[in-house]
Every structure is written in structure tokens, then in C-alpha cells.
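Chain naming follows the written order as A, B, C, D and E, and within any one chain the residues start at number 1.
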Amino acid sequence: MQRVKEKAIELLRSGEVSRVLGWKTGEFFYDLTPAVFESVEEVEKGFVFSLFSGANLSKYLIAESKKEGKIAVFLKPCDSFSFVQLQKEHRIKRENIYAVGIQCDGMCDGESLRSAGCEGMTGVEDGESLTVHTLYGDQVIEKKEALLGKCQTCKSKRIVDFDELIGQQGEDVPSDRFAEVAKLEAMTPEERFAFWRTELSRCIRCNACRNVCPACSCEKCVFDNPVSGVQNKAVADSFEENMFHIIRAFHVTARCTDCGECSRVCPQNIPLHLLNRKFIKDINELYGDYQAGADFDSRPPLMDFRMDDPEPSVIYTRGGAAK
Amino acid sequence: MLMDTIAAISGVNPRKCMRCGKCSGSCPAYDEMEYHPHQFVSMVESGRIEELMASKGIYTCLSCFACIERCPRSVEPARLIEAVRLAVIRQQGKNHLTPEQIPQLLDEDLPQQAITSAFRKYKR
Amino acid sequence: MQKIGVFVCWCGSNIAATVDVEAVSQALAQEPGVVFSTNYQYMCSQTGQDLIRDKIKEYGLTGVVVCSCSPRMHENTFRKTCEKAGLNPYMVEIANIREQCSWIHKDKAEATEKAIILGRAAIAKVQLNAPLQAGTSPVKKRALVIGGGIAGIQTALDIADAGFQVDIVEKKPTIGGKMTQIDKTFPTLDCAACILTPKMVDCAQNENIHIYAYSEVEAVKGFVGNFKVTIRKKARFVDTTKCTGCGLCTEKCPQKKVPNEFNLGLDNRRAIYIPFAQAVPKVATIDPDYCNMLKNGKCGVCAKVCGANAIDYKQQDELIEEEYGAIVAATGFNPIDLSKFNEFGYSQSPDVVSSLEFERLMNAAGPTGGTLLRPSDGKHPHTIVFVQCVGSRCDGGEKGKPYCSKICCMYTAKHAMLCREKYPDTDVYVFYIDVRTPGKNFDEFYRRAVEEYGVHYIKGMVGKVVPENGKLKVQASDLLDNRQLHIDADMVVLAAAIEPDKSARPLATMLTASMDTNDFFTEAHPKLRPVESPTAGIFLSGACQGPKDIPETVAQAGAAASKVIGLLSKDHLLCNPCTAQPDEMMCNGCSSCEKVCPYGAITYIDKEFRGPNRTTLLRRVAQVNPAVCQGCGACTVACMSGAMDLKGFSNRQIMAEVDAICK
Amino acid sequence: MQVNKEWTPTIVAFCCNWCSYAGADLSGTNRLQYPANVKIIRIPCSCRLNPMFILRAFQRGADGVILCGCHPGDCHYTTGNYYARRRMTLLFSMLEYLGIERERTRVEWVSAAEGAKFAATMNDFVKTVTALGENKRLEDLRCKE
Amino acid sequence: MTYPYFPGCTLKTKGAELDACGRKAAEALGFPLEEIPDWQCCGAVYPLAKDEIATRLSSVRALAASREQGGKLVTLCSACYHVLKRVNGDMRNDDDIRRKVNNYLELELPYFGETKVLHYLEVLRDTVGWDELKKKVTKPLTGRKIGAYYGCLLLRPSRELGFDDPENPSIIEDFIRAIGAEPVIYAMRNECCGGYTTMENNTYAAKQAQKIVDNARNCGAEMLITACPLCMYNLTKNTDGSVPVKYFTELLAEALGLEEQNG
């Protein structure tokens, strides 16, 4: 973990890059936020790579890579998919970026530790199992129980694109990430409706999901745009309110890399990733396996077709979501 | 009515036939039948099914599927012949071959297959 | 806020009988923005149009809604009316209250209510309409014809005749196509070469025509009036400017065992060859698959004997870029592969031949010098069986084609007739399903074959051909006699279905021209625009659009040429104003729109924008070429940010209609 | 003007200009009846249909939305309906996933020659949606109980 | 790897030695055949009627049983192959038949046509490979001119069987080449011999069989081989005997040098 910070210092010192995009300590040790460091001093003071560096940094490159000078970025495997997807969409200037891939075996956050039963935490030692220092003494917990939701269904240890690697290159790993979607599909329409109503009713429209999502990076979001016809500031029109998550999910269809940031940042713990994964699952089943950001040249399924694609009525007859 | 039965048993749509006669040009048992494969199709289409049911030709079809294979319109005449034959059996319980006849027809090398198939095709 | 006038048409009683037009015009008068609303017996009549014109002027209308018949009927009429009154024609919207209301409903109250809602939707849309101007684009006055058969030749000659430059691209070493292989033509029995070769020579000599023989189209960019085409001129290993076509090399070349494609492999040619005596251009070509010099550097005979010093073993393919205003596809056809029809024994006996092979066996320039001899033993055949519809009119599956190949009935009648004429001692049988002879003097021709020449026409089909002891045992049905026939034949001739040339599909992709499931090019309208592709600037000539005989091909070739001439005589093209337009401030530059555009109308540029703190930012943004965009709107949905919108059918306009309909 | 006391569904039909709108005109020309609650919006191509339009219609009180376009392979713009087919398949599947009755959405390919098919489709669709009753669900999706 | 094997009625009884040759050769070529337990006769005729269930049941039982044993089922007899493969196709593609059969059989796991039906020749071609077979041949049948007789049931309808080109097949010719002999191609090799009517209308069956033998002989064949016991019977018994007819497994065993052990 220290190697990451050393690499950041080395890159700045050698002049290879003029800025470093990484994670910075917050109020608590588990409270890291993305930050740009412009000098060795800043890095030494604030840069942290730890068990809590879950945030996906790739989105920040849209703005940062357009600035003067080269910037270094640290990418975990899942982040690298977003990195590539953004390149495919011409959103970032690759030549201004020095990408350092970091292998990763899962991330945590304060909340995931708390829900694993830790209170008053003062520090953590990483390892096969975690030793959590708390005000009430040390506590040892299984790491896999304290992982972020997105890490529990990790789909790949492969770092798709990088200039330099810290740790080993990995491979795609088998994951049962569609199990939750399948579970919902197996419900009756009434049950599903009730489920989503309960979940979505909690939404406070804080826009955190939109702001963190690497695929949700429009120059101007339709929801902020009076010309789009869906924008709305006042509550007079509930269209945006009701449809926000559906439209958002549709807009990122076949572009979402399933990085899981939306659900991670949602203050209301709405399982937003289940909307995105539904689209991914459908695409895989109907049009062949597709992973956004896994390569540079595949054609996104919504910008592609086969003459013998199934008709939309296929969803009436498909198994699973029965009755 | 009878036409519906034939359609249900065979799954064949005789209207697909374009009267090319390739079935009858292919049929190895042509001269053994009083109604030929192409006639089966047109007679079923025009509803002359009783005549077909009374004909001996339905027992001479070899089920060689040459007509099915070569039909340019995927009509499958052999299925129609089989359907007519079954219609006879189902309607009248009439068997073309009885078990009593079998022994005198047997020779000692005759494969089981011949006996089984004869029963399947000619008797129920 | 617009000032909108609403005009409700009675269409005589067509609308007024089921819709209370007075109630509709009154109800719509209450809508926001509506300053005038009326109804009249026939809005499309001169009086009705005058009424609209007067009211535009009287009330200073900025938008017009006509509640009438389908916009497919009179949208243009009312647009022109408004234009004459000084209103932009795209400020008109039609509410379709006839085809989609009065004609399909019986209950007057229901129909009236629906008419009001449809009117409201049109008003809501017109509120958001903006004046549109159609742009123009220049026309490059040069045409490209792809394919140098009779279709391509005729099209090129006609275009050249009108004074325009035209290039022919032909993938074979010579132009001429299938017609060069044909012996005689029906129904007049004149010799194909005698009528075709003068046209080939005309092409070569016409100063407006340039022939790229032994060449293929590699890439097509651009759009109507402005195509940019890359042509690959394949290496002949012979300098065409030096070669005199004397043919000495083709006699001296030691590699004698090359199947001669001109005679369909019925005889052999050399590795350096001129396809036939009247080839255009008449120059030699080295076949790199067989030439010993090219394969292993051992030979060089042709270079030694060539007096013109034209042989160049080092020659490379050449890429040529040209600009064209119009492109004509004339890629032609081929007979299907008969190896799947082995019930006729095609791959078991050399005496079972395709009709085109038979054509060569009858041709004076063919492998037998025009004497009909069996390929197996060179003997004269006494009994010949012709089988029609081999692979045509088949129901799906990969074995055959679902369509009628159209030309087989006539050429089979021709073959049968010629056999009987030249060799009266032969018995000729033709097995047919139907004899189709719609054409001038066609049926008379077929009847002559039967009545005067004694050809046996049998309604029925051959089921099996068994080669045995030098004979072909033909088993067939005679449907009219209701019997099975067994004929011992010496030759069997199969009228193979024809299919589009294999090069057509990749070409269609390059041209963004559409094709049907059989790989025939689709016409813009099957009846009214039969020689145009739906893609602007692409025209169709000959059998690439569907099976055709020579007279039809020539007629269509002329038609395609006249369409091309019509296009090339314009200096500018008027474009469809309802095109996509990106809002650069919102564009992400993500290329999603470009990927779904069927016309290649979208490109990207890096553009400077003002950033925060007086900085400038370089951003990639989409640009739509309005001359190319056809206004389908695929890009508008692919665009996540909603930057891409369609003029005339904008997001807000459609949403406004939705809102108006859903109360 | 309130005509019917009984509830009837509001149906929005999006029709592509080249095939289905012409097909709808044809069913009118042939006087083939279908219920008046079907209202057609003309769009240039089925690929112009933004999923937002469908959601908007539902949210504004539509009870059923149907998209009609050229048959696959016959698109006036060559490929538009192929894209529309994928978009709608995924969108409908998502609506289904959210618990909205899948019978409220439909895609039907209607050519300019299929006036009878257009009328039959609309009759059937209205019947299906009528049987489902009013569409409240999408409006309710984010409302607490 | 061991393959589940469906011997069929004839090869189990009258054609036992043909079956023995086949099994022995399979063993020698590394794909031992294991007879599936409790099989019943396939019925020898494919039920063309779409509404007949009873006549399909025994085939489905055999197919479902092999599903559990590796998902493949090998047959040696053309008729069995034909019936099993087409019934399997029905179970895969015809919803109505599948539903009724499954309802009737009440299998633990409903059967959806998962098993792959293979003819012995297909195993030779696709698993062993002709080149490999050639290497294993110890007594090549050099110089023998052999005609392949396909008959109907292996080839037609090709849309359902997909065994080989129905009008110009090559698998038995390739087999003949692999065992060192020379194949003779003659057009009647895929014409029906009339075997099904051998009891009913012997004169006709004889006439048809003779036509085939004549065509083969006139094209130079000195021997015919078949993959169907009924064809073999008919071509042997009901012709002039000018061309001997063998089962392909007999020649296979001979070429592999297994004949002596056979006794």
C-alpha cells in the first residue's frame, strides 16, 4: 500500500507528471475522498491509499485531462473499465494521463465495517481478516464480511489499460452478480412493484449517484436542461421525480461498467446498481455477452444490431419473470 | 372435418404446393399407387379424402422421404399419405395386416425391423 | 407565443358527417395561442387556400394548424399556401382527422372529442415550431457505374451521350459481362456478340467514358452529389499502355492447364490470357495463381516474346481516388451453384450441364467450335432433357431461391429450338412447372418451339437422374398424362436459378444502399421509383435489382441513366430541412450518434469553448452535414445528453404532443 | 366534452412516417374501425422514439403506449427499426422489472400496405389495456404509500 | 470415453454378428459402446403424425436415459438413428409433443431433447477421424471396389437429420477410403430399396432392389455396404446376388484385423 504513495511521489519528483489524482484523508481514517495533488509535499501530507480507497477516480479525468500538463491516476481493476469506456467515448485525453494500475482485493468503508459490527473505530489492519482497533479494544472480523457491496460481487481483477502496474495483472473472475437481479425477476409483478416503490420512495434527489457515476458525465445533464423537456426545478411536475432513476439507467445502458459507485454513495442505500445490472443481464442474454469498458473496439449493443435480433415481445415469453 | 383431421395429424399445408410434380418424379413407388404423391396433395386440398382413404396406394408408400427431401415448397407429401393412413385406422379400426397373416410371410433371415415396421405402418 | 390560426376542413361530408366541425373549431379557439379558428367545406380547394392566406395576413399568423386529411395527402399543399402568404412553410401542422378519425369512427361524439384532442396536439406542436430553411449542396458532375455488363455499358453510354463524364469499374479483365457468353438472344435469335461488341467498342472510344477494367471499388465516402470513391486497379502484370493485344504471349505461355472461366471451365486457357477475341480493353492479363514466373520466378516466356515490352512482373495494385455526383450499381447476376442439386447428377456426370454451360457448347467461339457435343465423350447427343426452375421458386432454406428467375423459360425455349433446328435428329424434352412468357413476341416464340420445331414440353418435374452405361436415366413425372416417365437421355440441361453477384452485398454496405433478403438491391419505390435506391444518389441498373432479360436490362439502364443525368444537370441540391442538429454546448463528443447514423452524416471537430476563469477548453463536438442527413432521428435517441435534436420533430415538440393527448 | 361515463384507456401510438403512419391512413381509407382512444403521433422513424416519450406518456396518464414501425429490413432509413427494436426490448424489460404490466407496452411492425393489420393491432391492444384497467403504477412508483 | 449405445431390435437378434463387429471395432478404436439399460425398440418407423405420442415414448426413454450418461447416444442401425434423431428433434422443437410426452412419462427432470444422437459413422468421422482410422487399419482392403448404399433413413429429411448432403453424400465413401478400398459412386445409392414392403409386396421390393444393384454393378462396384440391416437383407435376398452386400461394421472389423478373433 505504501508503494502507491511512493509511486505518486516518484512520478511528481521525476517530472513525469505535474499532478497526481488520488485519495486524501478526511475527518476519519476511513473517510477518504478523491483529490488532486500538485506537489510532493501535498502528497506526503495528504495522500492515502488504503482499504478505504474505494472511490473510482476515472470520472475526474474528464476535466483533469483537458488541463495543461500530465496527470497521474491510480486505477483499481474495476476503475480501469470506466477509464477505458471513457476513452471509447472520447471523453478523456489519454495522452495527458499516466495511468498506474493497482491490483485490489476488495475495499471497505466506515459503514461496511459498522454493519459488520464495529463501533468507535480508530484504525484497521488489512489482511486475510481485518483487525479493527476500536475505543473498546481490538476486534477481528472476516474481510469478506466487511467488503463494500460492489466488491462482494467483483467481476474482474483485470486492469484493462495502464502505463504501469503495481501488483499482478489479474483476470476476469466468476461472479454471481446477477443473482440479485434474477431473484427480483422471479418475483411477481406486484412484489417487484412493491420492492421498487419502497426503495425508490426513499430517494431524496441528492444527485450523488449521478455525480459519482463515470457514465453519467454529460456536459449538461438532461435533468438540468430546460430544452430537454424533462428538466424540472419545482415540484409542480413530478415527471423528473418519478422517472429520474429509470431514465438515468437507460442513459447508461451498455455504457455502465457495473463499477457499483452509485449504490456505494447513495445516502439512502437504494440498490441502484440493480437497475443497471438488469440492463447488463438483458443485453448479455439477448444480444450476447458484453462488458462495457472491457476493450477498445467492441460496438456498444445499443449502437449495434443483428437482423435476427429477438422481437421486443421476447420479454413476454422469456422464462424467469414469469406469470 | 376430415380435412382438419388430416391437417392436424400431418401438420402439412397443401396450399403451399405449386404443382411442380417433383414428388411424383422422385417417387420410387409411383407405379404401385393409383393416386400419386402430387395427387395426394391436390386431393387433400380439394377435400377428396374419402377417395384417398379407400385407395390401396396409402400402403405402398415406402416412407423413403424422397418427396419430402426434394419438394421445393416444403410440402411433405409423405406426411399427408401417413395422415390419411392413420385416419383410416382411427376411423374404422381397419387393419391392413393382421398378426395371423405374419407367420406365412416370414422367412428365417427376415430382420425384426421388417416385422416391427410392417406392424407400425400397416397395423395398429 | 405564436399567433396560431386553426382551419378545420369538412372534406365535404367525409369529415363533417362524423365530426362536429363547428364544435371542433370552437373548442380549439380556446387553446392558448389560437387567435383565429374556423371551419370550411374544402380547405384544399382554391377558396379554402385563399381563406388561409387571407387570415395569415389579416391576423399576422405565425403558425397554422389545418385539421383535415392525412398530411401524406395535403401537407405540401398547405405548406405552399402558407409560403405564398409569406409564412415559413414549416410553420404548418396537420391534424389528421379524416383517415385517423372520421373514417374509422362511427360515434359522432367520440369522433368529435378525438378530433379536438388531435387538434390540440397539433397546436401544442406548432407552438414550438421554428422556421426551417432547406440548405443546398453542390453537385460533382461525374458519374460512376459499377459493373461493365450490358446494364453498365448502356447506362454509361447514355450518360456520356448527355455530355457528362462517366467511369465504368469492372472487376473482370474485360467489360461485356454475361452477355458475351451468350450465343443467340431470344426471341429474335440474333447473335449476342454481334449486338454487344459494337457497344463495347463505343464505350472504349467515347471520350466521356473511362473504363477501369480489372478493378474494384474499395471504399465509398460522401453523399449525393459528392461521393468520394477509392478504386483498386488490380495488377495485370501487363502495361496496358504498351500491350497491343496481339496475343502472341497467350500462344507461347507454357502453362496450358488453367480452367477457362469464359467457357465455364469446359476447356483450358494459358496463365497469360485475353478472355476472348473482342475483349475491351484488348490487353493481356497474367493470372497470378497459375503463372510460374510469379509463383516461383521460373519462366519469363511471355516477356521474351512480347514485342511491345509490355510485361511487368513487378506491377502492383494501384489505388485511385475519384469524386462523383452519382453512382450506378450494375453488378449483375450469376447462376447458382448446382452442387446442392445432385438429384440431377450435376456433380456425377459431365453430361449434366447448366444452361450457361450449354450456351458455350452451342457457341461458335465456345470449346466445341459451335458443334453440340457431349462433354464426357465428345459424341453427338440424341436425346436432350431440359429441366426448368432448378433452384428457383423454392420455399426458404439454403438450397434454392424463393423467386422466379424470369429468364429461364425463354432461354430454354431458345435452346430447345436451336437444338432441333441444327440437329433435327435429336429428341428434346423440356420439363416445366409453368411456362412464363410475358414479353413482346415471347409466347409466340415458345409456341414456335412446340409447334414448328417439335420440342416435347412436359408439365412435370424430373425427380432423379441416374448416370449409367453412358446414358442418363431420367425419372420424371408427367402431370397431364398422370404417369411417371423414364427417359434415357444423352444430356441433361439444368435451368439454374440466378442470384445477385457476390460482390453486391459488400458494395451495398459501402454505398449504404439497402438490399432484400435475396441480396437484390432494393428500389426506392417498387413501382414509382424502380431505378433509384432509397439512398440518395445511388441508382440501380440491370439484374442487381432483380432478374431481368436483355431488353428489360437495357431499358432500365437507360432509365437509370436519365435519373443520373437529371441529377448531374443540377448545380445544387436542395436538402431536407428536417435534419438533426447538435447543441454544441451540451455535446459530449462521445460518438454515439455517429455510430447509429446510416448515412455517415455526422463528423466531429475539436472546438474551443470558454472555460472557467477566462480559460479556453478544446472540446470534441458533433457536426451534422445537413446535405447528407435524411432526418431519421436515430442519433437523437443515441445521444445521452439530449444535445442532438431533430428539427421539425424535436424532443419538446413530441413531448408537447404527448402531453396534449394525455390530457 | 365528456362523452363516456365509463372509463376507457388512453392509448398513445407512435407511428413511423413511412410505413405505419401510412398503414394507419390505409385502415382509414378502408374504413376499418378501431377505438377512438387511440391517438397517433407521427415520428419520422421508429428510431426517433426516445424512451423518455414513453415514460412521459405513462406519467401523464396514458394507459398504454404502442410503437409501430416498418418491418425489420424495410426501414426507410435502412437500419432505424433495428435500433428501435433493441431500445424498446430493453426498455420494456426494465418496465416489467419495475413491476409495470408488460402488456401496456408493445411494438408492432406495420407496413404501408397493412391497413387491416393496423386496425386489428389497435383493437387488440385497446382490449388488452382495457382489461388491465387504469395505469397508476408508473405515477405511483416514487410515492410513499 | 465410453458411449451409451442403442443396439435396436435387429442388431440384437438377427444381426447379432454385425453388432458384435461394431462393438469390437469401437473398442479397438477407443470409443467402447455401452448398451443402455432397459431400452425398448424404437419402433423402426418414425411416427410422422404430429399428434401421436405413444409411438414416441420408447425413444424418449432411451434419449432421456442417455442424457444422464454423458448426453450422447450412439446407434449402429440407420432406422434407429432416424427414429431417435427425429423424435429427439420433436422434443427439442415441438412444444406440443414435448409437453405431452413429458406429462406422460413424468420423468424426474423433463426431457427437452438435450441428448445428441450419433450414428456410429459420425463417431468414426468426428471423434476418431478418417486419418486416425486409416492408421489403425492393419489389413487394408486394397483393390476392392465398393459401392456405398445409403438408402433413405440416414439422409432424409436432411433438414431434420443433417447427417450428410442428401443428394451427394460422402461419409461412407470416406469410410471406404479409410479402410483402404476404392469407393464407387453411383447415383442410386440414395434411392429407396423398398425394404419396408418386403413382407407386403415382395415383387416390388425385389424390383427396386435389383435396380439399385444393377446401377452399382454397371458403375463398377464389386460389393455394396450398408448401414441398415433391412436394406442389407433386401439387397441380398431379393436380388440376383450379382453383388454381395455387407454391413459396414463387418468390413471395419476385417480391416482392423479383428475378424479371426471373431471366429
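Everything that follows uses one rule, which is that a contact is a pair of C-beta atoms (placed from the backbone, for glycine too) under 8 Å apart; a residue touches a chain by one contact, two chains touch by 3 or more.
Fair warning: this is a prediction, and the values are worked out from it, not measured in the lab.
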Set of chains whose contacts include both subunit D and subunit C: A
Chain at maximum distance from subunit E, centres defined as averaged CA atoms: A
Pair joined by the larger number of C-beta contacts - A-C, A-D: A-D
Remotest chain, subunit B as reference, centres from CA atoms: A
Centroid distance [mean C-alpha coordinates] between subunit D and subunit A, Å: 35
CA centroid of subunit B to CA centroid of subunit E, Å: 24
Euclidean distance of C-alpha centroids - subunit D vs subunit E, Å: 54
Subunit B and subunit C: spacing of chain centres that average the CA atoms, whole Å: 46
Multi-chain contact residues (two or more partners), subunit C: 343, 397, 464, 596, 638, 651, 655
For subunit E, residues that touch 2 or more chains besides their own: 167, 191
Touching two or more other chains - residues of subunit A: 222, 229-230, 302-304
Pairs of chains in contact (touch as defined earlier), listed by label: A-C, A-D, B-C, B-E, C-D, C-E
Subunit C contact footprint on subunit E (complex, rising order): 159, 165, 167-168, 185-188, 191, 214-215, 218-219
Touch list for subunit C against partner subunit B, complex: 343, 389, 393-397, 400, 431, 433, 459-464, 475-479, 482, 484
List of subunit E residues in touch with subunit B within their complex: 8-10, 12-15, 41, 43-52, 55, 77, 79, 151-152, 155-158, 166-167, 191-192, 194-201, 204, 208, 229-230, 233, 237
Contact footprint of subunit D on subunit A as seen in their complex: 184-185, 189-197, 200-201, 203, 222, 229-230, 238-239, 241-243, 246-247, 249-250, 253, 275, 278-279, 282-283, 286-287, 301-307, 309-316, 321
Touching residues on subunit C, where the partner in the complex is subunit A: 583, 585-592, 595-596, 604, 617-620, 638, 640-643, 645, 651-652, 655-656
